[in-house]
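Look for chain A in each of the two complexes below; its partner is chain B in the first and chain C in the second.
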Partner chain A sequence: MHNILARLNAILAFSFTVLAGLTFLCFLTTVAKDYSVDVRVRDLTGRVNVAYVNGLGEVEESIITGDLEVDLTPLFDWNAKELFVYLIAEYVTPNSPNSHNQIVLWDRIIKRGESAKINQKKFAQEYRLLDDRKALKTNPNVTLFLQWNVIPNAGALTTARGRGSQSIAMPDTYSPLRPNKQRGAG
Partner chain B sequence: MASMVLKLLGMDSMLDDFKRMNKRQVYYQVLNFGMIISTALMIWKGLMVVTNSESPIVVVLSGSMEPAFFRGDLLFLTNHEAEPIKVGDIVVFKIEGRDIPIVHRVLQLHDDGDGNVKFLTKGDNNWIDDRGLYAPGQMWLQPKDVVGRAKGYVPYIGMVTIIMNDYPKVKYAVLVALAGFVLLHRES
Partner chain C sequence: MRTVSSLSSPLLGCNLVQVPSIVCTEPIHQSKINKLPPSKMLGLDIKLPQWLKFEWVYMDYEGQKVAERLYQRIILFFAAVGFVAGYALQQFSYTVGALGVGSVVAALVCGIPWGSYRKHPLKWQPVVKEDEPAEGTSAPAKSSAEGKKKKKK
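Take a look at the complex of A and B:
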């Protein structure tokens, strides 16, 4: 019973048990943590126009901009590897009260060790805000809020929403979104 | 020489163990082996029931979600219907005509309130959304395409299955070694 195989087996089994135990403790220490912080979304302005998208046909598109300020530094504990931060525009399709639409306008990956402060004046949309039909013009309530997904070293993938959101009423007329520029396909 | 190595590794006594067994004990060892396999299967089936997902654990196979998930990382999925899909969720979905499920993030979602939900996905590490990956002409995914939503994460462990799939010989060697150990080794 004291041969090489038995010893190797004992060493491997013990180190895997220790590693698994530590990983589980890592998960336990952060599983109940509240990852929400205050966010400021301000001074929103928006424009609407019609856009033609292959496969969707003629739909409404918006461009929304504004200021965004948040400090996510406190979220980085020992079990946070990366934050995936994204800005969502949420609205209800008029005349169907149970509907909801959510579109990501902007996202950012913040890895451990990088600056976790975001201060964007007149943020630039990264993804097109395209409705699947035409629910944007005169829409009284498009709400922008920030959300983030905490990716751990090992453990639960948690999503938290920033405290603080801002709504905007969309204009009732179409106006050009990208002047003097050819619009690309979706 | 060979017998020395075997002796050093303790293999000689292992075979002696086996030779000393009578028929009943051999059958008992085979049943023991079957028990271990069925326990593993039952745990998998149990997880399927608890998570409501047809595949509660998946291995990340591509780098399209880097730097969050790398090739070989392990994801735990749930797929409870009471919990609706939201923008930002990491979903594992299947595309018609493709065998391998894809792990990407929901970028855009439209729910008309009458049970029709459609959404668009994108990999964190990709420049554009996934419409080019979907079936020809498919613009949206629906909840029926979803295998599960990523709720837990453990790095590296899935590398074992990737290596076994890439080098089938390793897989058979490991299986034979495990089976041999369980069959020949007697708990004292």
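Take a look at the complex of A and C:
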């Protein structure tokens, strides 16, 4: 404190100490918050076909589409930096060692300041839904739901599931998934 | 006592440069070293500008105490305001920004040694002149050495 540099150093050090305290308080205000909101997944349609994957051989592939509507704006409190939202298809294959299947079909990163409203008609599946045990055809219950991670300024990365999901029964016949591609290949 | 060493070149046979070697004519006493300004202690004869002088850059002890308490209060006040504003508007960058503003304000108010921080200067002992026989045994030795030099000159 005896000269200018020592005083500026002390002020800067104290400021950062206070900043650490403020960040911790910010974390405390949101530590018990429920980050779940209502989601509407509607009008799901699915198609199943056989696919060949290197190393797995003949598997089943499926494409599911539908409408997705959710408003994630209330998730952006002052401790939320960005959201990683992903759509999961969940189904059970009883006669397999890995009976509980969760596959991400679609995802989106929503940063702070961007529009957090998702209103997708006939959303396009981004990632392949493959099943090496061929349990997709005639599967009576494939459930789609939305889940997200909240990346915070301070604290733990929280995972929350949207309230609301829809299940579909997969068709019992194979049908081409991507008509144009199938035609081109054939 | 002054000596002049000449640098002569054997090829040209004449003096090129005359380098007067600096000879201390009298020993520097500790009391004299303490009186040297910092710029001269380093061997440089730089005149410090007025705003860099000791009285201007440094705070006295009372001023340091006041300044330390004041910057803590300023920063904590801005942090509290920023916390409330950030929570109300749900934007943590407002909190961080308010804290940054508070730091700058604190640096301006408490970092610079304003006159109010220099109202309690230290009371130093009065300067003891060299002529007074306050140093005890060293005083007569010094005077005798000076006398010898004067005789030689």
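The working rule: the second predicted complex is superposed on the first by the 160 of 186 C-alpha atoms of A that agree within 3 Å, B and C clash if a C-alpha of one lies under 4 Å from a C-alpha of the other, contacts with A are read in each partner's own complex, and residues count from 1 in each chain.
The working rule: contacts are C-beta pairs under 8 Å (C-beta built on N, C-alpha and C of every residue); 3 or more make two chains touch, one makes a residue touch a chain.
Everything quoted here is computed from the prediction, not taken from an experiment.
*Asks:* I'd like to know which partner A:Ala169 touches here: chain B for first, chain C for second, both or neither.
*Replies:* It touches nothing on chain B or chain C.
*Asks:* Once the structures are superposed on A, label A:Ala156 by its partner contacts, choosing first (chain B), second (chain C), both or neither.
*Replies:* In the superposition, A:Ala156 touches chain B alone.
*Asks:* Quick one: classify A:Ala13 as touching chain B (first), chain C (second), both or neither.
*Replies:* Neither: A:Ala13 stays clear of chain B and chain C.
*Asks:* Of the two partners chain B and chain C, which one touches more residues belonging to chain A?
*Replies:* B
*Asks:* Touching A:Val50 in the superposition: chain B (first), chain C (second), both, neither?
*Replies:* neither
*Asks:* Is A:Ile4 touching the first partner chain B, the second partner chain C, both, or neither of them?
*Replies:* both
*Asks:* Should A:Thr29 be classified as contacting the first partner (chain B), the second (chain C), both, or neither?
*Replies:* Touch status of A:Thr29: second partner only.
*Asks:* Answer with first, second, both or neither: which of chain B and chain C does A:Asn79 touch in the superposed model?
*Replies:* second
*Asks:* So which positions on chain A get touched by both chain B and chain C?
*Replies:* Shared contact residues on chain A (touching chain B in one complex, chain C in the other): 1, 3-4, 23, 153.
*Asks:* Report the residues of chain B in contact with chain A in the complex, numbered from low to high.
*Replies:* 7-11, 67-69, 86-90, 105, 107-114, 118, 124, 129, 131, 137, 139, 150-155
*Asks:* Could you pull out which chain A residues touch chain B in their complex?
*Replies:* For chain A paired with chain B, touching residues are 1, 3-6, 23, 27, 55-56, 81-82, 84, 86, 88, 93, 96-104, 107, 109, 111, 127, 130-132, 147, 149, 151-157, 159, 186.
*Asks:* Write out the stretch or stretches of chain A touching chain C in their complex.
*Replies:* That would be residues 1-4, 7-8, 10-12, 14-15, 18-19, 21-23, 25-26, 29, 76-79, 153 of chain A.
*Asks:* Of all residues in chain C, which touch chain A in the complex?
*Replies:* Touch list, chain C to chain A: 57-59, 64, 67-68, 71-72, 75-76, 79, 82-83, 86-87, 89-92, 95-96, 99-100, 102-103, 106-107, 110-113.
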